[in-house]
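Taking it in order: structure first as structure tokens, then the write-up.
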Amino acid sequence: MARILKDPGVGYKSNRNAQRVIVEGQSNVKHINRPRTIDDLYTYLITISWPLFFGYVLCGYILINLLFAFIYFFIGIDEFRNSSGNIWEDFSTLFFFSAQTITTVGYGAIAPEGVLAGVLSSFEALIGLMSFSFITGLLYGRFSKPKAKIKFSKEILVREFEGERALMFRVMNSRTNLMIEPELNAVINITEKDVNGEFSRQFYQLNLETNKIMYLPTMWTLVHKINEDSPLYKFSDEELKELEVEIYILFKYHEEAFNQHLYQLHSYDFNQLKIGYKFAASYTFDEHGHTLINHDDLNKIIKM
Amino acid sequence: MARILKDPGVGYKSNRNAQRVIVEGQSNVKHINRPRTIDDLYTYLITISWPLFFGYVLCGYILINLLFAFIYFFIGIDEFRNSSGNIWEDFSTLFFFSAQTITTVGYGAIAPEGVLAGVLSSFEALIGLMSFSFITGLLYGRFSKPKAKIKFSKEILVREFEGERALMFRVMNSRTNLMIEPELNAVINITEKDVNGEFSRQFYQLNLETNKIMYLPTMWTLVHKINEDSPLYKFSDEELKELEVEIYILFKYHEEAFNQHLYQLHSYDFNQLKIGYKFAASYTFDEHGHTLINHDDLNKIIKM
Amino acid sequence: MARILKDPGVGYKSNRNAQRVIVEGQSNVKHINRPRTIDDLYTYLITISWPLFFGYVLCGYILINLLFAFIYFFIGIDEFRNSSGNIWEDFSTLFFFSAQTITTVGYGAIAPEGVLAGVLSSFEALIGLMSFSFITGLLYGRFSKPKAKIKFSKEILVREFEGERALMFRVMNSRTNLMIEPELNAVINITEKDVNGEFSRQFYQLNLETNKIMYLPTMWTLVHKINEDSPLYKFSDEELKELEVEIYILFKYHEEAFNQHLYQLHSYDFNQLKIGYKFAASYTFDEHGHTLINHDDLNKIIKM
Amino acid sequence: MARILKDPGVGYKSNRNAQRVIVEGQSNVKHINRPRTIDDLYTYLITISWPLFFGYVLCGYILINLLFAFIYFFIGIDEFRNSSGNIWEDFSTLFFFSAQTITTVGYGAIAPEGVLAGVLSSFEALIGLMSFSFITGLLYGRFSKPKAKIKFSKEILVREFEGERALMFRVMNSRTNLMIEPELNAVINITEKDVNGEFSRQFYQLNLETNKIMYLPTMWTLVHKINEDSPLYKFSDEELKELEVEIYILFKYHEEAFNQHLYQLHSYDFNQLKIGYKFAASYTFDEHGHTLINHDDLNKIIKM
């Protein structure tokens, strides 16, 4: 019989319009009274888009130079050079001096002369070096942190297979590298109204024909046979479509170019279930015998 | 029967007022005659607080500039520019020159002219680049090193559960990311006076209903059933409270944002044991069906 | 019996002149309609040769300086210094100013005077710091990313061994470090014409006498006994040579100097099969009893 | 019976005065015809001592500045400033100019004026940034690469233990952190003259009472019982001392401060065997009940 899971980490209680707990591989849980930490900041800066990241850097650069320009202006331009007499020109000069200091360019056409200017500009240079150290780390962290690049088929199928009914979906390696030792685990979650009229979730391990392979150059079709051991066995095809079912998937593999183990989460909803279809062939050969994989074919299904 | 552990890494010998070996996930052991290594320094600089870290950087910056200012002053300000005649002004000028050199700002309003000044400032610039390289690495190391962010419930409970007695505690994911493949192992340590009147520790593996799940978006309640297999079976509720017992826990999971496996240690003391209570619900739903998790509810327990 | 593998990640379908899916440890699959990502760029920059990498850096450096020189020239050299009257001299001056800005050298012999020059050079210095941050990361990423350094023997042998036939190949640690916990898994792929006259592949796990050892200082000979459990048992030596067979190998170990787990893929073709040979001794001793390993001996085979 | 190991990665053949293959956790194998790779360079630069590392940096810095000073001198000091008339003074000026360029200090007291000087100094600044990028990476790589810090007892004992003979050694956590999930595997290697009078090695897995624990705050005694399952069972205490035996050990654990899995190799020789001794207590308690571990006690043994 299908193995019922105790405490799968999601909880058993549900309600009528309960949303999925995982959406697009991300947690869909709302947190209350959560204290923020420095790790949240790192996570944020690592995961935002590149334009936003560079936007922050540019704004930060302008703001810190404005700040120091104000401070320098406040202590007086005489600490740096003779005033031009024009307040805007003096301010812009100090702004550029700040930029030249924080980037450590230091042309020297304008340079600190007074003690206060010396102290402040020494401090600004230190801040500059520290900030750019930090950005160096972030840039590399962003660039060297790979995203797991497995693509899941949009549809999940129920079809006849080797004389039995089977549930199938497939995954594609969307990179040109091999994925090494890919492994996939799945949990099936069936929500039913219990005797008290309350909605409760039941979780089962989803048995797959194969769940770990040596490497994945192309596509891989995952097969769950709906036999006596399956929690779906008692339902007809029609009932399956009505059933409130979610499948939570954890995919892991070793990414060679980054030399890291990567994890990717995915979930399917039985709303997406197609009955009586099969997947189109996952690869073809060209005239020289090379295996061809067409990324647009991942979601191609054929009426059986 | 409960599996007795041979040499659990903590030792069997105990005494009357023995302190816990693990406190707040840290070793509580005192070391004698321990030689220090460079790894200790790294560990120290990585684990100190941010204000202390920046404090060290700032102090180091001031001290090294003072040092070079003294050296430059010693070889004579004539190697750089004409003396102002005022000893303090000369010294401050050299201090700023040092700061401009070590940060590689190098305005050039003051620059080395003599050979000795040239050699020393070339060397100082090298030291500056090396030091800031080092700080760059540390900054990134500090920022990219995640802390495992599991929170353990303050209380550990003994309650009736499915017709048996059970020991329970729970853990909460305190981040908004999912924790992937969390796994928890626990060892129970019972200290008893032996026949010779000496205190000795016995260690047992603590069996849990589930000790590994696919991911953890919210809270997870760990359940140890106090049945014939449990080393606690022979004790009544009252005896349990008097017992000198510690539970050592190792929690591990994959942190997605940092792409690292994280480990967290925790321990419970039977002083914290509550009998006849249960945990409040770990999540609720809002009007749109989203799962809500209130971080303040982790420790909420209810009289049964 | 040999375990047949379901969905080994390569696919069952084949055709007459099908190319190998893995060549020299790399995917030999052609991708159609594949969207490119930033990870592809990282992978590219990490895997290209050192001369090409430095070539890109140098070209990028020249191009960005040309670009800024054009912009500065366009806004007018008066924003920096008096024109020399010679257009080429002015342009080269601005080119060098750009280089001094982007590297943050900033001698200051030429420095921005106007507001526009100030803004642009401040921006260029920022770009410079960001770019070199990026290159710092890449350089370290390239340098600290080890390549698995196992060498596979060129030939694969079938010989008599302990009264049975055995398939053998060997691997050599090409580094002076120990390889820690090396592990090798192999899949054998036999392509045959099926009853419909179509070419199809069958995959089997290849049983090895030992497939994991504690560490590997020298060479390691892998032995697959061709007994009843082997998918090769039914074929005579002569038939083996005619057979269309590939062996896909995944080798993993812990690399101590880099403190990383490394993976290496390899494949053998039965075209390479030698029958009735054995490998030459993998090591000898010098006069002081030190073990000697000659890297040229890896492929040395001896007629039995 | 003790499990004989096939191909343990070391080889079976031996000779009269064969040296150990592993000495102090390092490979003791000599390589012939080994091609060098960039990974060897990285390994070298990561593993040399700190003084040697800084020595290389300093020498490299001086040499590259000498090189550029020669080039600048060759193209003529007029490209930078008017000659002082003194050849040594001119050369030292150009040396300092080179240092100011490669470190990007760029005071500007001396600055390129001619086109050739501009081109060369732009190139030198690029080289400087690249080199220091590289050193930044290395510095961090060196600093953040932890060494496994387990200490092994100098002696290995054979003593009576629980009514049987047992082989014992112990390990100590030499850091103040906990070592998480330490695991130890051992292989025993017995060299005997075979029937042909040749020396050959036989390898066995060494069974230990416990070989994996949850964490290690102090010391851990490893126990191999010399019972019927042991390859040492047939030898008397006296014979053991004469036996040519080595024990190869692989220790691994998770280092929390560095968040890495670490591996450490060690080996024992039966020359070190002590018979009829036991280890002194591995810890004591102070007056407040804290566990005390004295690092000097690791090797303390007591006549039984």
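List of remarks:
Each chain carries a letter (A, B, C and D) given by its place in the written order, and its residues are counted from 1.
What we mean here is this: a residue touches a chain if its C-beta (ideal position, glycine included) is under 8 Å from a C-beta of that chain, and two chains touch if they have at least 3 such contacts.
Nothing here was measured: the structure is a model prediction, and the numbers come from that model.
Of all chains, the one whose Cα centroid sits at the greatest distance from that of subunit A is D. For the touching copies subunit A and subunit C, the fraction of interface residue numbers used by both falls below half; the interface is of the different-residue type. The best fit of Cα atoms from subunit B onto subunit D calls for a rotation angle of 90°, in steps of 5.
Per-chain CA centroids place subunit A at a distance of 26 Å from subunit C.
Averaged Cα coordinates give subunit A a centre that lies 37 Å from the centre of subunit D.
Annotation for subunit B: residues 100, 104-108, 136, 140, 146 touch two or more other chains.
Touching subunit C in their complex are the following residues of subunit B: 104, 106-108. Of all residues in subunit A, only 5-11, 13, 15-19, 21-22, 26-35, 37-40, 42-43, 46-47, 100-101, 104-108, 111-113, 115, 118-119, 121-122, 125-126, 128-130, 133-134, 136-138, 140-141, 145-146, 185, 187, 248, 250, 260-263, 265 touch subunit B in the complex they form. Listed in rising order, the residues of subunit B touching subunit A in the complex are 50, 54, 57-58, 61, 65, 92-93, 95-96, 99-100, 103-109, 132, 135-136, 139-140, 143-144, 146-147, 149, 174-178, 180-182, 209-210, 213-221, 223, 254, 256-259, 281-283, 285-286, 288-296.
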